[in-house]
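Report on the structure given below.
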Amino acid sequence: MTTPPEAPRDATAPLLETRRLCRNFGALAAARDIDFRMYAGARHALIGPNGAGKTTFVNLLSGRIRPSAGRVLLKGTDITRVAQAERVKLGIARTFQINQLFRGLTVLENVYLAVAERLGAAPSMLRPAGRRRDVVEESMHLLDTLKLADDAGHRVSELPYGRQRLVELAVTLGLTPQVLLLDEPAAGVPSAESHIILAAIAALPRHIAVLIIDHDMDLVFRFAERITVMVGGTVFASGSPREIGADPDVRAVYLGQAHRG
Amino acid sequence: MIFGVDVASMLLGGVAAGMVLFIVSVGLSLTMGLMGFVNLAHGGFAMLGGYVIVQAMNHWGMGFAVALVLGFVITAAVSVVLERLLYSRLYRAAELDQVLLTVGLVFVMIASVTLLLGPENQPLRLPLALQGQIDLGIVKYRTYSIVLIATGLLLAAGLWLAFERTQIGAQIRAAVDNRRMAESLGINIARLFTITFAAGSGLAALGGGLGAEFLGLDPQYPLKYLVYFLIVVAVGGLGRVTGVFYAALLIGVLDFVLKKYLPQGGTAFIYGFTILLLLWRPQGLFGGQAR
Amino acid sequence: MTPAPPSGVLNRPAALVLAGRHRIRLWETVPWTLAIALYVAFPKYLAFGTELLITILFALSLDLVLGYAGIVTLGHAAFFGAGAYTVGILAKQGLWSEPITGLLLAAAMAAAVGLGSGLVLLRTRGLTLLMLTLCTMALLEEAANLAHVYTGGFDGLDSVPITPLFGRFEFNPLYPTTQYLYVLAVLFACFAFVRTLVYSPFGQSLTGIRENLLRMRAVGAPVRTRLVLCYTLSAAIAGIAGGIWAQANAYVNLGTLGLDRAATVLIILALGGHGRLYGAFIGAAAYMSLSHFLSKVYPTGWQLGLGLLLVVIALFANNGILGVVETLAHTLRRRRTGTPASPPGLR
Amino acid sequence: MFKRIIAITTVLAATTTWAQAQEVKVGVNLPYTGIGAEFAQLVDRGMELYLKVNADKVQPYKITLVKRDVKDPSGANAKIAVQELLTQDNVDILAGWIYSPNAIASAPIVTAGKKLAVIMNAGTAHITTMSPYYVRTSFSMWHAGYAMGDAAAKTLNAKTAVVGYTDFPPGKDSLAAFKRSFEANGGKVVDEIPMGGAGAVPDFTPFFQRAKDKKPDVFFVFVPAGDHAAAVVKTFAALGMREAGIKLIGPGDITQDTKLQAMGGAAVGLITMHHYHADLDNPENKRFVEAWKKEYGATSTPDFMAVGGYDGMAAIVHVVQTLKGKVEADKALEALKGWKFNSPRGPIMIDPVTRDIVMNEYLSEVTMKDGRVFQKTIGQIDAVKDACKEQKIGPCAPK
């Protein structure tokens, strides 16, 4: 099912691109020949049934796992072999589907760790961490924008799960990424609190290209300007929300089951 | 001909030493493999078993074989109590807490045995039939070593069958590979842990009793040989009977040959070998994925 | 993000806590005043005191890797022994016996061993790492035994000649007054360094690695380099502890590299509470006084008591004596003020 | 009932106050816990038994034993124990030392403390040269090693020998002593096999296998007493080395009385050289063994370590008597130089020059006698000195 080549948004190379990206775990082909393009300032959504290989694709983009074949390019340069730590420096950051936070540390310390890594403050051994005003300042700003300011002093483990998901987002934003990979940002969040997360995502600055992976169709169709559908480890369809919404095959394979009244 | 005899007797000696290590360590590999529990007190169970066997023989007039069975049963029972009361509370705990619990247990075992039976080494007199020499055609060799090799092989075969061919064996192997998945299949993990722990400790008791001829038996036993048991388990790989068996043989023969030809540097070589191997294969020769 | 006025954000409560976290609190002077008090009030217990201070220094070095970076090791005595033998051999061969510079050489040698083993071992984790640290230490112990011409083997190096401190203060074997103050000064210096390190961004990143290795990689931290660097620094401090032990006792033997010493320091840290700087102080004081005074009264009983104490600590106290104290203080504050304030951030 | 309690307490109060002036404190350092616990118990009982059996000789003075646990042979704990015995308990006399490393580590403190220090076991030869206050009532490795080299060549007329030794200083001393006298008498040591450390008992089979292949006339073995000795005898029998015509000889450590019965038949035929074993046939030893069994039970038996403690306490009591309770180190040393005592091991003397013990060495063979394993004395050398210091060999040469 090859999709028609999209008209390139503009002349420059796409911000993030994969060419025939594959990854197999033994016999299972978790990712098969994925061609994917994402442009600066994109609001891109990746949807697909469970086991479609979405999280594997995010791990391939973020560098947590290495592809079996194919290439990953950032602004045209090949970063397939570049390790995760380096990709973060190049501006590719991701959140985790299941929270991966520093549970024993306070919310401020969690964000502090990300900001300190980015600003190169981490290796300094002799100055007190709290005295790095630049890092603390930026961290507090971030917490303000995500309305986590009054939780700053609490330990992550003491927060309700919904607010912990916000901290997950805050830590990743601390890396001021060019490409932000959001793996089911609202997963596990009670619907009463999910609006805070949606608001935070909506408020993300335009210059960040955001790829969101989720099942929540309301979120996807309200947020995304482009949608890619993955089935069985490969790209099944790609296009604007309107095209994807109207595409009968997509509806049959995926939206049909998930489309709620 | 002389050369043949020399090699044969060396091999026999090495294999016998390996068997002792195998019998004592196989239980440790199971408990560490299945429960992911750093059980430094395993040597303590070997000592308890050994003491029960010695007491049974010297004071209650039992035969060697009967005493071994009694040692197995009593130590397994004690281990079930300890497992239910203490170990089961720390299955999810960090490594440090597990190390602390088991080191604490070792100290308690050493002190209580010293208090009850004194610090002296416990003499274990083998039955007459097992003493002296046996003629194997090409070489006359220590009867007890041959008996030990036979027992070790029997035990290895029995354990292999128990694991590869029985229901409970399959459950244990499943739980070793992926405890959460096994749990979700309805396997009662808690019961499985208790059974494995009891079997492991019982085997350690057998090891303590059978190995007393070589390793002696005194209150300091658990700490003296701790490093050797851990090396065999780490090299063999966790949770696999075959892994420990081959690792024990390999180290037994290696140690024996080295002691003969390089008496001074021997043990240093064993440590070096273990380091290189663990760097090459962190999960050991036969272990599954490194936990 | 609209830039709010800079000072406004910085005096938020959480920011103030973080900014003030490293400030010295009043009760932090207690251990040092007690140490001076012991010197003045109990001159006869200075041998025990010196051994206690050295044990605290050694436990502090382990706390850096275990408490802050989360590396569980049963082989930390390898560095203690490396430092001790460096001082012992240099002095015995008449090459170098000045105390202070001797410690720097001990630290350098131990750091080299730490760097070498760290680069290789820290690729692994869990039981494998535990085994590798154990085997490395055992290998060093065997090597020391083999090189008995230099190390004196089982009997060790006796009457190691150490020149007087600053050329004036003699190391008296019977009344170790100089040794006690010398060790106290070195402990203070090392403690100041570790305390600064722990509160620095580097220290903060170590706690990040301990709490969640996966996430630290995801935020772009070069995790292995940090761990190796931390391991090397800790080895250097352990080397200093070993070196100063050799100087204070004018004696070095295989015991400095033994499993017994490595296991004891691990127990001490677990007893006191790891990842808490002062866990080393409390753990060492508790363990050493128990082992010293109790064992005089009832030798075998002491071991039984220690064993039971360890089992209780492992099962109930989540992080040693300091952990218990902290949770008590936490619940007290919670009951008094009713607000679920998180315990002080003194990590 | 109440009246009786009052009576007892008054008597006690009277004696203690009266004896207060005459009390002598003896600081004892032994490894009461850890791998040496068994040996500590033997030396401790030896000391206590002498005080009990010869209570009359102690009058009118009162000897109190202040005991400290040194836990292990690492030297560090021993140093602290000795330092605190001197400074905290300010004892008048020091005693103990099972392990050589502990005696070596304590030497500088003993010298600084200026108190008589009686070594009751540690056997490395040059220890007594390490402090002028050390006096040894146990043995030097050279006593048995040197004498056995002599006996092996002359009495057993062996031509070739293999030496197996535990790889730590007492082991090296034993090897050097045996080799020097055996080769001085025309023998030839064809192989020297270090057999593991003094800690965990190694499996001796590979070492014995190597010795067996060399087919020597005699196989001289030194290992620490205790489970090492038991394992040696078992392995010797199990490998059928006796049938192969190899005689196992060594110092008495390998046929320690406390382990002998457990070794059973495997030990028969062993020939050892030592200054004491419980089957020695002299009236003093008969009384000693009898008192021991009465005090510590019929199955219990004294051995060379116990007699080290027993004679050590005899020396202390002699010093206390001659100095009328006011023990001053240099006078105490004077009192012990040339001191003679009729010990269960036979007549002993403290060498005035080296402050080490001079005693008989007995060549004995293990046999079975009325159902018991018995050591038959088949030879004796009187008044043997420590050859290492006498011939100023290696570390024994004065610095």
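Going by the order they are written in, the chains are A, B, C and D; count residues from 1 in each one.
As a convention for this text, a residue touches a chain if its C-beta (ideal position, glycine included) is under 8 Å from a C-beta of that chain, and two chains touch if they have at least 3 such contacts.
Nothing here was measured: the structure is a model prediction, and the numbers come from that model.
Touch-path distance (fewest steps) from subunit A to subunit D is 2. Taking the mean Cα position of each chain as its centre, A sits at the greatest distance from subunit D. Chains A-C form the pair with the most C-beta pairs in contact. Measuring from the averaged C-alpha position of subunit C to that of subunit D gives a distance of 40 Å. Between subunit A and subunit B, the centres computed from C-alpha atoms are 50 Å apart.
Inter-chain centre distance (subunit B to subunit C, centres taken as mean C-alpha positions): 34 Å.
Among the residues of subunit D, those in touch with two or more other chains are 33, 37, 167. Among the residues of subunit B, those touching two or more other chains are numbered 114, 264, 267.
Within subunit A, no positions touching two or more other chains are listed. Contact between chains, per the stated criterion, is found for A-C, B-C, B-D, C-D. Only residues 33-35, 37-38, 41, 167, 193-196, 199-203, 205-207, 209-210, 213, 226-227, 230-231, 234, 237-240, 243, 258-259, 262, 264, 266 of subunit D touch subunit B when the two sit together in their complex. Subunit C contributes residues 66, 72, 74, 120-121, 123-128, 130-132, 134-136, 138-139, 142-143, 146, 259, 263, 266-267, 270, 274, 300-301, 303-304, 306-311, 313-315 to its touches with subunit B in the complex. The touching residues of subunit B, when paired with subunit C in their complex, are 32, 38, 86, 89-90, 93, 95-101, 103-112, 114-115, 223, 226-227, 230-231, 234, 238, 264-265, 267-268, 271-272, 274-275, 278-279, 282-283, 290-291. Subunit D contributes residues 32-33, 37, 68-69, 71-76, 79-80, 83-84, 86-88, 100-101, 104-105, 107-109, 112-113, 124, 130, 167-169, 197-198 to its touches with subunit C in the complex. On subunit A, the positions that touch subunit C within their shared complex are 62, 64, 84-89, 93-94, 96, 100-109, 112-114, 116-118, 121-133, 135-137, 140-142, 144-145, 149, 152-155, 158, 171, 174-175, 205.
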